[in-house]
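I'd like to ask you about the structure that follows.
Chain naming follows the written order as A, B, C, D and E, and within any one chain the residues start at number 1.
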Amino acid sequence: MLQILINTLIYSGEIGIIAVGVALSYSVLRFANFAHIQFAVVGAYLAFTLNQFLHCPLVLAVILAAVLTGGIAVTVDALVFSRLRDVTPEGKMIVSWGVALLLRSTMGAIFGSSSRVFGLEPASLQIGDAFFTSLDVVVVVVAILAMILLHFLLYSTRLGTALRALASNADLAATRGIPARRMVSLMWFICGAYAAIGGSLFALESQLAPNMDLIILLPVFASVTLGGLSNVFGAALGALGLSLAQNLLIGVDFGSWFSANSWSVPTQFRDFIAVGAMVIILLLRPYLARRRRAV
Amino acid sequence: AEDAIPVGVIANLTGTDVQSSLDMVHGAQAAADKINASGGIKGDKIKVIVEDSEYRPAAGIEAATKLFDVNKVSAVLVFGGSSVTLPIAEMAQPAGKIVLNTSASSAKLGDYPGTLYSTLPLDDIVGAQLGDYVAKEGVHTAVFIVPNNTFGTGLMDKAAAAFTAHGGKVLKEIAYSEGQPDYRADLQAVQRLKPDAIIGAGYGDDTRTVFRAARELGINAPWYVAYPSIFAVEDPKWMEGRLMGLDNGGLDSPLAKTLSLQATKQYGAAPRPNYYYAYDAMTLLGLAIEKEGTTAADIKKGLPEAVKGYQGATGSIDWDARGQRINPPMDYFVFRNGALQPAPAP
Amino acid sequence: MIDFAVFSITIIAVWSVLAISLHLQFGLTGLVNFGQVLPFAVGAYGTAFAAAHGLPAWAGAGIGVTLAPLLGLLVILPASRLAQDYWALVTLGAGEIFRLTMLNVPVIAGGDEGTSVYRFQNADLAMVLALTLLLVTLLFARRVGASPLGRMLRVLREDEVLAATLGRNPFRLQRMVTAASWVMAAAAGVLYAHVTGYISPSSFTVLETFVIWTAVVLGGPSTITGVLLGTVIVQLTSVSTRFVAQWSGLPSDLVANLRLGAYGLVLILVFLYRPQGLIPERKLRYDADRL
Amino acid sequence: MLTVCDLSVSYGRFQALRSVSLQAAPGSILGLIGPNGSGKSTFLNVIAGVQAVASGEVRLDGTLVPLGLPERVAAHGIGRSFQTPRLAHRLTVFQNIMIGARPQAGERLRSLFLQPATVRRREADIQDEARSVLRRLDLSHKANDYAGMLSGGQQKLLSLGMLLMGHPRVLLLDEPAAGVNPVLIERQINLLKELRAEGRIILLVEHNMEMVCGVCDRVVVLDSGAVIAEGDPDAIRRDERVMRSYLGEPA
Amino acid sequence: MTAALRFESVTAGYGPITVLDEASLAMGPDEVLVVLGANGSGKSTVLKTAIGLTRLSAGRIMLGECDISVLSPHRRAEAGMGYVPQTRNVFADLSVNDNLRMGGFLHAAGLTRDMEQVFDLFPRLRERRRERAGDLSGGERRMLSIGLTLLLRPRMLLLDEPSSDLSPAMITAVFDAIRQIRVETRIPVLLVEQNLQAGLSLADRVCVMVRGRVALEQAAQELNREQLHALFLEGGVRLS
């Protein structure tokens, strides 16, 4: 049981950092940003390059990768999204998929299609009969710190409100003296940086592959949906809930409840939980998508 | 005469497992180069045309259609799982073309006699050998851990059958989805079951993650696997003496050694086994063409003769009536001092 | 060369049907369906199920074509109260669930390995069938698009509440469109299964959905000529990369990556420079002064 | 006869309407006025079925009108124009007008494919009517522009035109004169009088007192969601509470 | 004396569409200029062009001595131009409180005091301060958007139909407030109005737009009702 909880924490930390970025950009830009997932992959590759080829210490490599990916995100915004102001949210969502494909193939072309590993050898730790590693501890701590920082940034500074104001009515915001370009760039930077950190942690824990995006896509979007799409805090909780559900369902030995034979849900049904949770929550929370008031 | 004989190679250049796939292309190319360097086949050079299957049936068929129709090849070498190889065989059969399989191992591939020939043994054969081997090593209880695909489950079924036939007990069969970042959840059950051994199969990237999950969860049972050479070891210290397995043999043949050296020089790393399967496939194809001619019908006639007495990179090749490899030489390995070392047969 | 051309035309026709089905949903009605591969897969798997269980081919086609709209209605159920981006995620998820089910439950149609189905031995016949299906869907979509019904669907695309206060049931219309377009996609799936002769889950990933989207968005989602043009361009690009790799001498894996990137680039550039697609929706002009 | 009984609406703890009841007879114009935020638009929304949270009942000629289902309400012949106009922005003005017409044979698949002649005939009729409505609202020169590109006042007019195309028995008008220029307001007044003569029931929410006094037979005043006064326009103008809360003139 | 705001044969519009056609107009440094005109004659476009929300294709716009034609809207807001739009006039997804906070984005210091003043002017908003602005009634939103602009501490007001959707009492309150502000700070006001009575009660000068051009510019007292009526009709284009 303890093991299940530990696994839950680790997985939700990895997914959560990426998910809060999606929620952040949704709350500001009002569209589901698929490119965000790819930022995570790009960030991980950058960290890998810095660490393995340029021999940066790992921590520095991840921080540099976060900054660089933030820069890439800002560039993507400047080249693409900032010029799409009149496009519908659906349109932007499709464009973000286009950006994701482009980044994906660039990564594939540069780094090849096979996967890579950082080759870290973290120490193994043990509490009772539950096992984890020092790296796991780092992942969880970083995730928690990152989320607290973001929460502070959004809710205790004017920045968050200004970002939401921009999303709600850009023209009006401009005429209130809100410097739209700078604000939105900042948001993209934060998103990119968070994605990169999340992606790097993910890659450190497992491996690095160009198709990593497809692996994290469903759990991340399911978490964000669970949290109510535009709610940063909700996305983090969503990641936790989803991760718990997945680990419980797979980890619990249902067979032993009814008979002597052990039987648990085959692990390949893990993704069903992500999608299933998403669908159920959407059915149960119609007010989430409350229609615009009819005046 | 500078007429070229076109030969198709269908590999997945995008999608999963691109690296092995490229090795396979290199192997085919090496054989073709060798034939061409020695003057070609009756003066005609072999021209290798590579197409992408994206590891998807539809794209594989598109590639095959193009090769058969536009490039007028009589035979294709295919790399890819059975979900790619089977559909290609399916369409080649009525078209009267030849498919040479260099990587898929589903037992179903045996259903296309006269169309599909394999230079590696299929799962039914290797699986049974694996089961026997584990039982003979004195293992009584085991957990299976394989990727959830035809290769994994097919092998698992045959191995489990052989293992239980020798009185072994299968505690659990785990088929994991490929490409997951973390397999802790999958392996938790094993922690509880405490088996004598773990029996497995898998591809490099995933196996590394699986090993890591096992190590982190404190699962210390030894691993008996099929094709250990395609496994990626994560932590050599922990793995020391803990990974054993059997592989298609013959790779220690003098020919394979020369090829390995040559490929290492050319591409910077020793190639994976698919290199040698492709090498053999291409060489056999060349022999068949030399014997009978370039049409598919000629090749079909020529292949069974070509294989007789052939000493390839993967040892001697015996085909049954279906064109599938039987009695393959088997090698046994154990992981020691950071590498796979030959081990005695049980 | 001829056979390959015939094969390519058949495939393009199949994808065109898919594009038209997305045109009905997105271009006209504004439903953002990120799981358009689902009805396609259902059609194909109906066929595969029949083949794997020894049922005749027509039974497979029947299963696929009836099951798809039913599933469509099930999936669209929450849509009656969902904003568009939620629906996009639900359909994306539904498509993935179906694929995962096919992957993990081998009794249906062979799991990961897939299953072979009856393959048209006569490539010309396959092409004629595909073109016929295309023609039928095209005529249907054109009739609907140019009619008062099409006009009301476009209202739905803009503002559902408006349609409701004008006395139309938005949900009923959405259901109708979904059912019709999913039948089309399923029929395309059946045909696709018989053309390729082999069905496995890897043919129905999220990427397939986005290939359809690229085509539709590129050509112009709201016009039929647009989506057809888009499909032809995208599919020809895809086919021609095979030749490009050969002639350019670039490594094939690089070319394959570039193709993927090209799809992405097309999506971006189209939205930047031609947000309505290559062929934008034409304004229907009326003479307001006539008495 | 439109009868509204005990209509209440609340958003959380905030009560937007407190058991409002009123009646309107065919061939009459009922004015609905009140300070900002007093619940006038909410009231119209409830009758039109756009606003779901409600208790109370609405009857038209004795039959119960379903609450919360706009499409069913519209089928009873009740039409609503919105304070902030709702339009199909990417359709032309002419198309917007046309979609107001109801029923349309061409919107059913069956008639579309089986009775094309009927569809064509109905479509021609609708076009003729659309032309005359556009002329009346002075929008003919904008007929082939996208509705999203109209100025604020023009959008208002267009949404009124859409409503007229449906020939509703009951018209719920939400500030039709706001943002409309004085000349066209006069035309609107004439239009409303014509509709009254045809025997329609009109509920008019409006802040333009000239218009309200010019056309309304009776006026109901809302404040904080409750009716505070009711009577003919002149009496309302002199009512002290109305002056205090709404007109803002010293008593 | 230089004008506070001057359009020098300005041609402007939306995308490919041109609406203002070489319009010239000037507003004195301490003046209320009321813009009248039929629906669609281009009144709102004048204001949007002044604040920089349209595409300017020719001519220039002077703020005092300064050419602001190329400045972005937020720079113009920093320069003291306070704009109340006709439509889409609040941040619909934000609460009333957050809306006001954004109104005072440039003047964070003393924001609470300023907000209290807005609430004093519009007590209704105080009651609804936690509500989502998109849920407000039409009139409440108009009040909010006026409040948003006052928080900018403007040195010039550009008001687009501030009276529409408002109750008579509220119109009086708003216009009284504008008068009050003018008494205190003497800032110029550019006002678009359909409510002739209210508009003219404040006006120093009047200009009438007809199809994107300034057809008449006159002191308010000299205005001739008949002439005005005719211009409205002409603005309405082609009457049968």
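In this text, a residue touches a chain if its C-beta (ideal position, glycine included) is under 8 Å from a C-beta of that chain, and two chains touch if they have at least 3 such contacts.
The structure displayed is predicted, hence computed values, not measured ones.
Colleague: Treat touching chains as neighbours: how many steps, at the fewest, connect chain B to chain D?
Modeller: Counted as steps through touching chains, the separation is 2.
Colleague: Compute the centre of every chain as the mean of its C-alpha atoms, then state which one is farthest from the centre of chain A.
Modeller: The chain lying farthest from chain A is D.
Colleague: Average the CA atoms of each chain to get its centre, and name the chain whose centre is farthest from that of chain E.
Modeller: For chain E, the chain whose C-alpha mean is farthest off is B.
Colleague: For the chain pairs A-E and A-C, which is connected through the larger number of C-beta pairs in contact?
Modeller: By the number of C-beta pairs in contact, the winner is A-C.
Colleague: Could you state the distance in Å from the CA-based centre of chain B to that of chain E?
Modeller: That pair's centroid distance is 76 Å.
Colleague: Can you check how far apart chain A and chain B are, centre to centre, with Cα atoms defining each centre and the answer in Å?
Modeller: 37
Colleague: Please work out the Cα centroid separation of chain C and chain E, and write it as a whole number of Å.
Modeller: 49
Colleague: Nearest whole angstrom, what separates the Cα centre of chain D from the Cα centre of chain E?
Modeller: Distance between chain centres, rounded to whole Å: 28 Å.
Colleague: On chain A, where are the residues touching two or more other chains?
Modeller: 108, 112-113, 214, 266, 268, 271, 292, 294-295, in rising order.
Colleague: Which positions in chain E touch two or more other chains at once?
Modeller: Within chain E, the residues that touch at least two other chains are 135, 137-138.
Colleague: Of all residues in chain B, which are in touch with two or more distinct other chains?
Modeller: Those would be 13-14, 18, 148.
Colleague: What residues on chain C touch chain A, complex-wise?
Modeller: It is residues 26, 30, 32, 77-78, 81-86, 88-90, 92-94, 96-97, 100, 103-104, 160-161, 165, 205-206, 210, 213-214, 217, 253-254, 257-261, 263-268, 271-272, 275 of chain C that touch chain A.
Colleague: Applying the document's contact rule, which stretches of chain B touch chain A when the two form their complex?
Modeller: Against chain A, chain B makes touches at 13-19, 148, 172, 174-177, 179-186, 188-189, 191-193, 205, 208-209, 215-218, 234-235.
Colleague: What does chain D use to touch chain E in their complex?
Modeller: 11, 33-37, 40-42, 83-84, 135, 138, 140-142, 149-154, 157, 175, 178-184, 207-209, 245-249
Colleague: Please output the residues of chain C touching chain D within their complex, sorted ascending.
Modeller: 143-144, 147-149, 151-152, 154-155, 157-159, 161-162, 164-170, 176, 281, 283-286, 288-291
Colleague: Can you list the residues on chain A that touch chain C in the complex?
Modeller: Going through chain A, the ones touching chain C are 31-32, 80, 83-84, 86-87, 89-91, 93-95, 97-106, 108-109, 112-113, 214, 217-218, 221-222, 225, 229, 266, 268-269, 271-272, 274-276, 278-279, 282-283, 286, 288-289, 291-292, 294.
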